[in-house]
Structures are given as C-alpha cells and as structure tokens.
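After this come two complexes, each holding subunit A, first together with subunit B and then together with subunit C.
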Partner chain A sequence: MKLSIIKFLVVLGILFFLAPLVLTSLSAGWRWPMLWPAEISWRSWEYLFSGQSQTGIAVFNSLLIACGVTIVNLGLAIPAAYGLIRFPLKGKLIVQIILFAPLVIPPFVSLMGIHFTFIRLGLTESLPGLILAHLTPTLPYMIWALLSSYRTVGPEWEEQARMLGANGLQRMIHVVIPFLLPGILAGSSLSILVSLSQYLITFLIGGGQVITLPILLFPFISGGDPALGAAYALLFIGMAFLALFILDCLLKWSYRRVN
Partner chain B sequence: MILRKIFTSVILSVLVALMAGCTSQGQDQEKSQPSEQTTPLEKSWEEISSTAKGKTVSLYMWGGSDSINRYIDEWVAPRLKEQSGVTLKRVPVNDTKDVINQLLTEKKAGKTNGSVDIIWLNGENFKIAKENQLLFGSIAPKLPNVQDYVAMGAPDLQYDFGIDTEGMEVPWGKAQYVFIYDSKHVAEPPKTIDELKDWIKQNPGKFTYPAPPDFTGSAFLRHVLFETSGGYEDFLKPFDQQIMDEKSQAAWAYLNEIKPDLWRKGETYPESLAKLDLLYSQGEVWMTMGYDAARASNEIKKGTFPESTRTFVLDKGTLANAHYLSISFNSAQPDAAMVAINYLLSPEAQIAKFDPRHWGEDMVLEPSKLSTEEQQQINSIDRGVATLPAEALAKHKIPEIHADYVDYLEKEWKTNVAKD
Partner chain C sequence: MLMIEKLEKKYQTDREFILLVDDLQLQEGEFFALLGESGSGKTTLLKLIAGLLMPDRGDLFLNGKPISGLPAEKRGFSMVFQQPLLFPHMNILDNVTFGLKMKGIGKQERNAKGMEILKKMGLSGFEKRYPSQLSGGQQQRVALGRSLVTQPRLLLMDEPFSSLDPTTREEMRDWLREIHRSFGVTILFVTHDPREAFYLADRIGIMDEGVLVQLDEPRKLYEQPVNVKTAKLLGIRNLIAGRVKQGRFVSDSGVIELQLHGQDLEGYLMILPEAIRMRKGGVAGAEELPGTISQIAFVPGFSSLKVEIGKERLEVMQRMEDSYAWSVGESVLLAFNQEALRFIRK
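This part shows the complex of A and B:
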C-alpha cells in the first residue's frame, strides 16, 4: 500500500516535469504572460517524423553506439576493478587517479588529441571510432560502480569454489559475476546515459557524418526553436527510458539463467 | 593469474596493432598527397559539371530552424539532383565554430579526403578559416551564377565584417538592420538619427535599445556613431585607438542626451532584443529594431506584434551583412561542391528562398540582372505588410565594420553611457 503511494507520487512528479515539455512541443507562439499556449500546432512533431529529418537513423545510431560502448566498458572495467581490488599493486592510487581523471578533467582537453590521433588512424566518421571515443567519459562510471560491487565479494567465496575444482573462468561466471550484477546494472545504466547525451565528442569524431539524436537536438535547443527542442527532448527521454528498460530486463533474465 | 596473463597479452596486441595502423596510415597519406593536386579552379565549368555528376556533397550548416532545413532537404536537394546529378546531404551543426575546429585539427593531422565539402559561415568564423587556410580557394570567379547575377564588388558582399572575401566564400543571403515602429503612435517615422532624437524628446519613455554587448544594441551604437561622425567610410580602415577616441565623442554625447527621455529614464536598458520586443508587443515602447527585414511581418502573423506595426530604414542607410557559402580546403568533392553552390545561387533557388513559405530571407542576386519574368515573380511574393520593398532596402545598405571597432564601442558604452 505504502509502496504504491510512493510509486504514484513518483510518476506524478515525472509527469509534472514532462507536462511543460509536451505543451511547448505543441505550442505556436507561447509567450509570457499567457498561461496556456494560444494555439496548438503539430509543426514540431510533423517535422520530427518527416522522412527528411533523419530522426530514425539518429535514434538507431545513438542506441547502437551506447550498446557498443557499454559492452566494451564491461570488458575493460570488470578486469580493471578486479585488479584494483584483489592484487597488491605499487602506486595503486596513481592508477586510480588516471582511471577516474575523465570525471574531473573536462573532456574538451583530451578531445583535441583524440581527434588528431583518430584522424591519423582513420577512425573518424565511423561507428567503431565513436564507440572508442565515448569510452573516455563513460569508463570511469563503470569502474566506479564495479569497484563497490567487488567489495561485497569476499575472496573466501572464490577460494571455496576453487577447492571444489572450479577453474578461473567458472569461478568468474558462477561466483563473482552474480555478486557484481547490481554494479553492472548501475555502471551500464550510467554508461548508456552518458553515451547517449554526448554532443561535442560525437560531432568532432563523427565529423558530422554519423548522426545521433544530440546532433539533431542541440541546434534546436540553442537556436531558439523551443517547440522542436521540446519535441526532440521528449524523444530523447523516451529513448533513454527504453534503453534502460531493455537493459534491466536483460540483466534480470541473465541473472535467472546463471542461477 | 590466467586472467591477468590473458589481459596483458590482449592489451599488448591491441597496442601493437594500433601502432602498426598509425605508421601505415601516415605513409598512405604521404603517398596520396601529390596526386590530389589537380584543382578544379583551373578547369572549365563544363569539365567541373561533368566531374561533379553522380557525386555526393555534404553541406555543414546551422540546423536550428525547421523551415531552413526543409528548404534544403525538400526544395533544393531533389532539384539539384535532377538538374546536375549531384546529391546534397545536409549536416546539422549547432555552432559553426565546431566545424572550424574540426577543420583546424584535420589540417594539422594532414587529412586530405575531408567530409566537410560546403560550409555556411560569416564574420569571425570566416576570419579564422581564412587566416588558417581552411578554405579551398577563390571559387567565386568560377561560378556562372555568381558572375551573372551577384554584384561581388558591392561593399556589403566584398567585405565580410571588414575582411576581404577574395572570392573564397560566395554570398548566399543577406540580413539588413531595420527599425520597427507602431504606425498608430508614430505617424511619420524619423529618417535620420537626429530626427530620431527629436522624436524621442517629444515622446519621452517610448524608446530604448538593448544594452550592448547585445548584438542588436551594439548595432544601434554603430548607427549612432556613423551619423554623428560623418559616415561609415572612415571605419573601414584599420582600427586606430586615438582616432576612435576622438570620433566617438559625438556619439556618447548623443546617447547621453537622449538618455533621460528613454524608457525608465535610461536608468536601465533591456538586456536583450527579446526583452525589447516584449516591451514593444505590450505597448510599453513604440519602437524596436533588428537585423531581419521580414521579422515584423512574421510577428504580426504570429499575433505578437500589433497589426499597425511597420518598419523603416535611415536615409543614410542601415547596416547590412551577408552570410556565405564556402568550400573546405580538403573537400573530397570540390567539383560537385561548386556545382551545388552554383545552384543555391541560381535565380530559381534564390527566389524560392525569398518566399516566406520556404524561408523568407533576402536574396543576394541583383534584382536588375534578372529577367522580367523573374522580377515579376519576385514582386508577386507577398512578404507581408510591414516588410519594405527589396529596392528600398537595397538602396539603404551600409557595410559592417571591423570587429575591433565593435569591441571598442561595446566597452566604451559601459563607461561613457551606462555609468552616471
């Protein structure tokens, strides 16, 4: 009973913040001091769904990159966090500082160098290049989330499995990973969300040739077309929710299979 | 331990692969550079058009207006494809500076087959692009439509915010400063800055301007400077602090003289053009201004400005600037890019752009150079009651001055006018 009231309030709160976006996306000339838009216009949604607006390919690219980024992140962060927790390492602090540096240092600092290097490597204007470039702002979140999950797995669990004859891979899959699931979920969610919202990295490394949703969205927001900005923002929110929902289902399903 | 070994070997092999890729890429580029030297600037237009067939070019342009986007995607692209076989791909950009940065890095990295073919730019971005040699070259003399219809020598097209275009960019559209007034309250709009002063004194509290460095407010200062110092011509020369200190005295005197009769007695100024427009639409002031000649009509249509809104320009002219199209230094398809730009400057594409149903923006073509049918077509386009006829606007144009003057005026306004 109590839980459903909280749920209800949360949904109400979300709708409260979404309502102005919906109204703005449908309005034509909504200015202070009018309480409601004077006229309803479908202009922004018509444009958004028109064949020329590249909305479909943008959503597809955004999701594809976010998925790719998250998979690579998992591949890098699971061993990295494991190493940081389990092995005595000289200068561990320095390694941690380097791994978490992108959280503190503005991405623009490294972006120019990455862009330069990627041009030499022929990685610009391609999906693999973008996935690699999106690792910079997302990997620290993944490592951070996994580090805290690893702290919940005592080495005793692994020792026991080892004594029962499980090899390294089996211990990883059957013993360690189930403990990590909450961290994987948190890290993947952050990695997806941060990747979805990248503008400058995508524009520079993608060279404008890979269209993602922020590439379409940003000009409308800063260019003063609130109706189209709002319509694209709603689409963005929908896309992010969908991605997180699928991720959640996927992880729950795999958790059940492992056990 | 096994995990660790696997991990180390994976990392090592990735690093080796990256390094191998790096060196081979570098060699490729060195090899391919000399063969790229055949420049379309030496070819005839027929050769350029035939090379262009079947190619795709990317136009990098600000993507914040659905009507402009639609004009390119739905009006221009299909017609260009049909007429010349060139596919035009629009790439939405938030800030043209990002494209300039991209080209700067590409230049440094030696990238030769760039994907930025055409850029839409002006002012500061053109200055950086020109200084860093990010542009393809002097393309204007090659384009038939530029030669036939555009008055390239005109000061408002030749100089892009005080910088000589040298044909490296081709004008695509124009913006001109107009004053907007409510004809219900202003029977006879002023024709000079001096007449404006008289009007302000007779109607205290009904005029103000956006506080510089607002773009529009800053342009108002320039109009005052030009008319109080005897014309804009002196400011096309390189900036000189001493001369400027002298010449600006009359302008500061003028602005301080009108100050007590401004809205709120000049104690405060609207911080942006949007705020001034709001004051105007609510009838608090009777004039506003801005760089878009067709804006007043559009606002009447939207219902924000009163029906009696009209516009005027000064007898000695108002500031006009142009925005341009250019080709990047490393465009992979310079021939097709030239064909596309040439089409964007054709009478049919420019007349469609002029039509408010598509975009509603000023043409860069000389109306007198067009055929009689085309002129009739232009005259039949309804630009709205408040928009001045194209000839009236064209006769009252003055060019933008160098950015150094603009900075100076904005800074000095704070000490000379805003402070008591």
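This part shows the complex of A and C:
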C-alpha cells in the first residue's frame, strides 16, 4: 500500500515535469500570462520528423558515439580496474585520483588542450575524434562501476580456474567477465547517458560538423524556438529512457542467470 | 613422482616467515597429508606445488622433469579449495566439465564424461541445477568431481572439509577414502585437524614455522613425535615436564616418578591416555601412582577422565564397563604400560 502511494507520487512528479514540455511542444504562441497555449499546433513535431531537420542523423550520431565510447571505455576500464584491485602498486592513490579527476575538474580546462592536440592530429570534426573526446567525462564512471564489481571476484576464483587449466584469456572470458556483468551494465548505462548529454565537447571537437541531438537541441532552447526545443527535449528523454530500459533488461537477465 | 628440492619462499602471515623444504617426495597413488597450525606454511607449500605461487629458490620435479617454470594451468594438477568455488553462473554439468572445456574437448564428449563423474559422485540428476541449489557437502562433492574429471597427475586439497558441519565432514572423509582408492589418484591434503590426517593419510608431514619438522606414517608419528609442539599438534595432551636421571623420570613438580630408561636429559614424558590402567584406590603397588578423579566425560565406548596427581593432571581413557562406574572425587591408582611411555627431549 505504502509502496503504491510512493509509485503514484513518483509518476505524478514525472508527469508534472513532462507535462509542460509536452504542452510547450504542441503550442503556437504561448505567452505570459496565458495559462494555456492559445492554439495547439503539430508544427514542431512535423518539423522534427521532416527531412530537413537532420533529426535522424543526429539520433544516429548520438547513439553511435555513445556506443563507441562505451565499447572503448570497457576496453580501458576492465584492465584498469583489474590492475587497481589485484596488484600492489606504489602510488595507487595518485593513479586513482588521476583517473577520477574528470569528475571534479571543469571539462573546459582539459577540453582546450584536447582541442589543440586533435587539430594537430586531424581528429576534429570526425566521429572517431568525438568518441575519443567523450572518454574524458565517461571513463571515471565506468571505472567506478567496475571497481565495485571486481570486489565480488576474489582472486580464489581465478586460482580455481587456473587449477582447472584455464589460461589468462579463458579465465577472463569464462570466469571474471560473468562476475563483472552487473558492473559492466551499470557502467555502460552511465557511460551512454553521460555521452548522450555532452554538448560542449561535441560542439568544440565536432566543430558543428558532426550533428548530435544536443547540438540540434541547444539553439532552440536558448531562445530560438521553445516549441521545437521542447519537442527535441522529449525526444532526448525518450532516447535516454530507451537506452536505460534496454540495459536494465540486460542487467536483470544477467542476474537471473547468476542466481 | 613429485620431488621437492631445497624449496624456499618468503611468506607473510602476521609476521614474515621463510618456507624451507629441503626434500620431499610423494609416491605415486599415495595419500599424503600436510598437518600444521594456521600460519605454519602448509597452504604456501601447497600453492608452490600447484604453481599458484613461485618459489624464491629451489626446484620441483615431476617424474624427473623440472616443473618450476611451468604456470599452474600447464602442470596438469587439480586443486580443491576450502570453499567449493563452483562458478555461480554455470549449472552443475558445466561446472564439472569446465576443465575439459579449457582443454578444448568437444561438447558431446565432455558432457558424457561429466555425467559419468556426477554418477560416481552420487549426484546424478543434479546436472541442470545451479550451485546455489545444492547443500555445502554436495557442492564440495561437485568441486571434487570437477577436479577429478581431468584425470590430474596430482590432486591438491586445501582443508576441503573445514567449512562443512561435523556430520557431513565425517561422511565426506569416508567417501574421500573410497574415491582415493577407486581413482588411484595421488593426493596431497592440507589440514590442521590431526584426526582427519590420521584417518585419511598414508603418510603425514608436519609443518611448523615454514619447515617440515617430521614426516612419517601416522602410527609412528603418534608414538614418537619429534618434539612437544608436534605432540600437541597431534592431539596428545599428557605431556609432563621433567628430567630423566639414573633410569628414572622425575616430574618438575616432583609428584610423578617412574622407571624410564634413557640418557640423563631434560624434557617431557609423553603418556598416551589409552596406555594407562586404572583401579580403585587402596595400597599402591610398585610403579603405581595414587590420584583423584576430577572430571569425567563420556566418549562413545569410553570414559574420558581427568585424574589429578598432586599438581599434575593426566587424561585417562578407560573402556566402558557395565560393572563399575567411576565418580568424581574418587581415589584411584594408576599403572603405566612401560612400552607406551615416551620421552621427548627438550
């Protein structure tokens, strides 16, 4: 009973914040002090789904970058977290601080340096360049999620696998990764969400040539066209929710397999 | 088959030890137990043999070939740990056949072998279940089956029954003897429980502070431990400090005096509790000591008694007899079987 009340309140809360967005996206000329939009119009949604809006390519780019970033993150974070957990290392704390630094240092600071370097390497205005640039804000979350997951795989599990004849790669695939699955999925969720919402990095490194959803969204909400901004914001929320939902299903599926 | 030569390894428990095993040879098919307290280095030695740890110095030979340089997974040994360590994301059959899969054996063949070994472990019908659905004893049986299915050259066991409840532990002990006999596998078994070692092993090695202090058949070990610490480790409690002088042993407290041949030395007299004969108090004969019963406990078939002789306290085992029951506070006379008296040098 108590739980259902809480659920009801949560749904109400979400609707409370979403309702104005929905209304705004459907409005034409909604000005203060009017309580309701004077006129309902599908104009913004029609534009959003029209060919000239670049919505399709933006969604595609956003998801492609987010997935690419997540895959590279996994490749970096699985060995990094393993090293931090398993091996005695002098200055482990310093390594950890460096790895987690992007969480506290304003992105602009490192972004300028990355921008200069990428111009020299010819990585700007390209998808690979953007994937690399998005690593900065996302990698710490991935390492964080994996570190806590690694704590569930004591070294004895690997010793047992070794004593059954499993070499390094076999141990990783058949023993360690299955234990890490919850952490991998949690880290991937964070990595995808953080990557999807990047504006500044995409804008600078992509030079406006690589269109993602936040790049399309930003000019509209910063004054251009609130109705279109609202429609894009809803699309963004939907995309993020979908990504989370898929990962959540995967997580539940992997838990069921373990328990 | 396995030979250890001057093996050396620094290891850390609460302080730093150096494990040093000069010479140890395992015979094909034998059941060898390593007995020692925690921190004595027995698990370190096991892991050195397994290849999970690398020695600082020294060599290991298997049938004459050096194996010190081989990683654990290439030695062809198996190991059963304290915990069953069944992979939770695999069902029982996949767990049991894991070692075969790592060797690249095809699914059909390995499943057939897996089913066969599960049958031998008394676990037919469990193949599709997951480890969490099994009891502790069943899990440890699966773990043993998983280790045996690859036909290891040597099976290492690190206190495999210590996390089980006492009844299951005893069942597993009997069952392991059976398995050892029917598979003919060489087993190196680490334990801190002397009863377990006595029950299972053909030979027992005693570890203390990183050194193999004594190595013998169980019975010989029990009858002549090399020092007091070893005697205590073997569960022998009647150890009386004193000295031998002119063919007689006199305890430090002065209350125990017995005929004992040997050199004039300081040390301990070891009296096995089953070598003491006890009768009701009266006039003491030659070589009989008067005492008072201070405690009686029932051990199936026996009475386990504590008898005080002055300041000393002896543990005495007496076969249960219907005709007479001992009582606390009763005066008794103790006589000792001379052959069962042993003197341990200080």
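Just so it is clear, the second predicted complex is superposed on the first by the 222 of 259 C-alpha atoms of A that agree within 3 Å, B and C clash if a C-alpha of one lies under 4 Å from a C-alpha of the other, contacts with A are read in each partner's own complex, and residues count from 1 in each chain.
By our rule, a contact is a pair of C-beta atoms (placed from the backbone, for glycine too) under 8 Å apart; a residue touches a chain by one contact, two chains touch by 3 or more.
Here the structure is a predicted model, which means the values were calculated and not measured.
**Q** Could you tell me whether subunit B and subunit C fit or clash when both sit on subunit A in the superposition?
**A** fit
**Q** Using the superposition described at the top, determine whether subunit B or subunit C touches more residues of subunit A.
**A** Between subunit B and subunit C, B touches the greater number of residues in subunit A.
**Q** For A:166, using the defined touch cut-off, is the partner it touches subunit B, subunit C, both, or neither? Pick first, second, both or neither.
**A** second
**Q** With both complexes superposed on chain A, which partner does A:156 reach: first (subunit B), second (subunit C), both or neither?
**A** A:156 sits against subunit C, while subunit B stays out of touch.
**Q** With the two structures laid over each other on chain A, which partner does A:203 touch: subunit B (first), subunit C (second), both, or neither?
**A** first
**Q** Name the contact category of A:4: first (subunit B only), second (subunit C only), both, or neither.
**A** neither
**Q** Contacts for A:175 in the overlay, against subunit B (first) and subunit C (second): which applies, first, second, both or neither?
**A** After superposition on chain A, A:175 lies in contact with subunit C alone.
**Q** Can you pull out the angle centred on subunit A between the C-alpha centres of subunit B and subunit C, to the nearest 10°?
**A** With subunit A as the vertex, the angle is 160 degrees.
**Q** In the superposition described above, what is the shortest C-alpha distance between subunit B and subunit C in Å? Please give a whole number.
**A** 11 Å.
**Q** So subunit A touches subunit B in one structure and subunit C in the other; where do those two contact lists coincide?
**A** In subunit A, nothing is touched by subunit B and also by subunit C.
**Q** Going by the contact rule at the top, pick out the subunit B residues touching subunit A in the complex.
**A** Counting only subunit B, the residues touching subunit A are 1-4, 7, 18, 21-22, 25-26, 58, 60, 62-66, 69-70, 73-74, 91-95, 98-99, 101-102, 105-106, 108-111, 115-116, 278, 281, 302-304.
**Q** Which bits of subunit A are touching subunit B when the two form their complex?
**A** 28-29, 31-32, 38, 43-44, 47, 50, 52-53, 79, 82-83, 87, 112, 115-116, 119-122, 124-125, 168, 172, 199-200, 203-204, 207-209, 211, 215-216, 218-220, 222-225, 228
**Q** Within the complex, which stretch of subunit A touches subunit C?
**A** Interface residues on subunit A, with respect to subunit C: 156-157, 159-167, 170, 174-175, 178-179, 257-259.
**Q** Report the residues of subunit C in contact with subunit A in the complex, numbered from low to high.
**A** 50-52, 71-74, 76-79, 81, 83, 85, 87-89, 98-99, 101-103, 130, 132, 146-147, 150, 156
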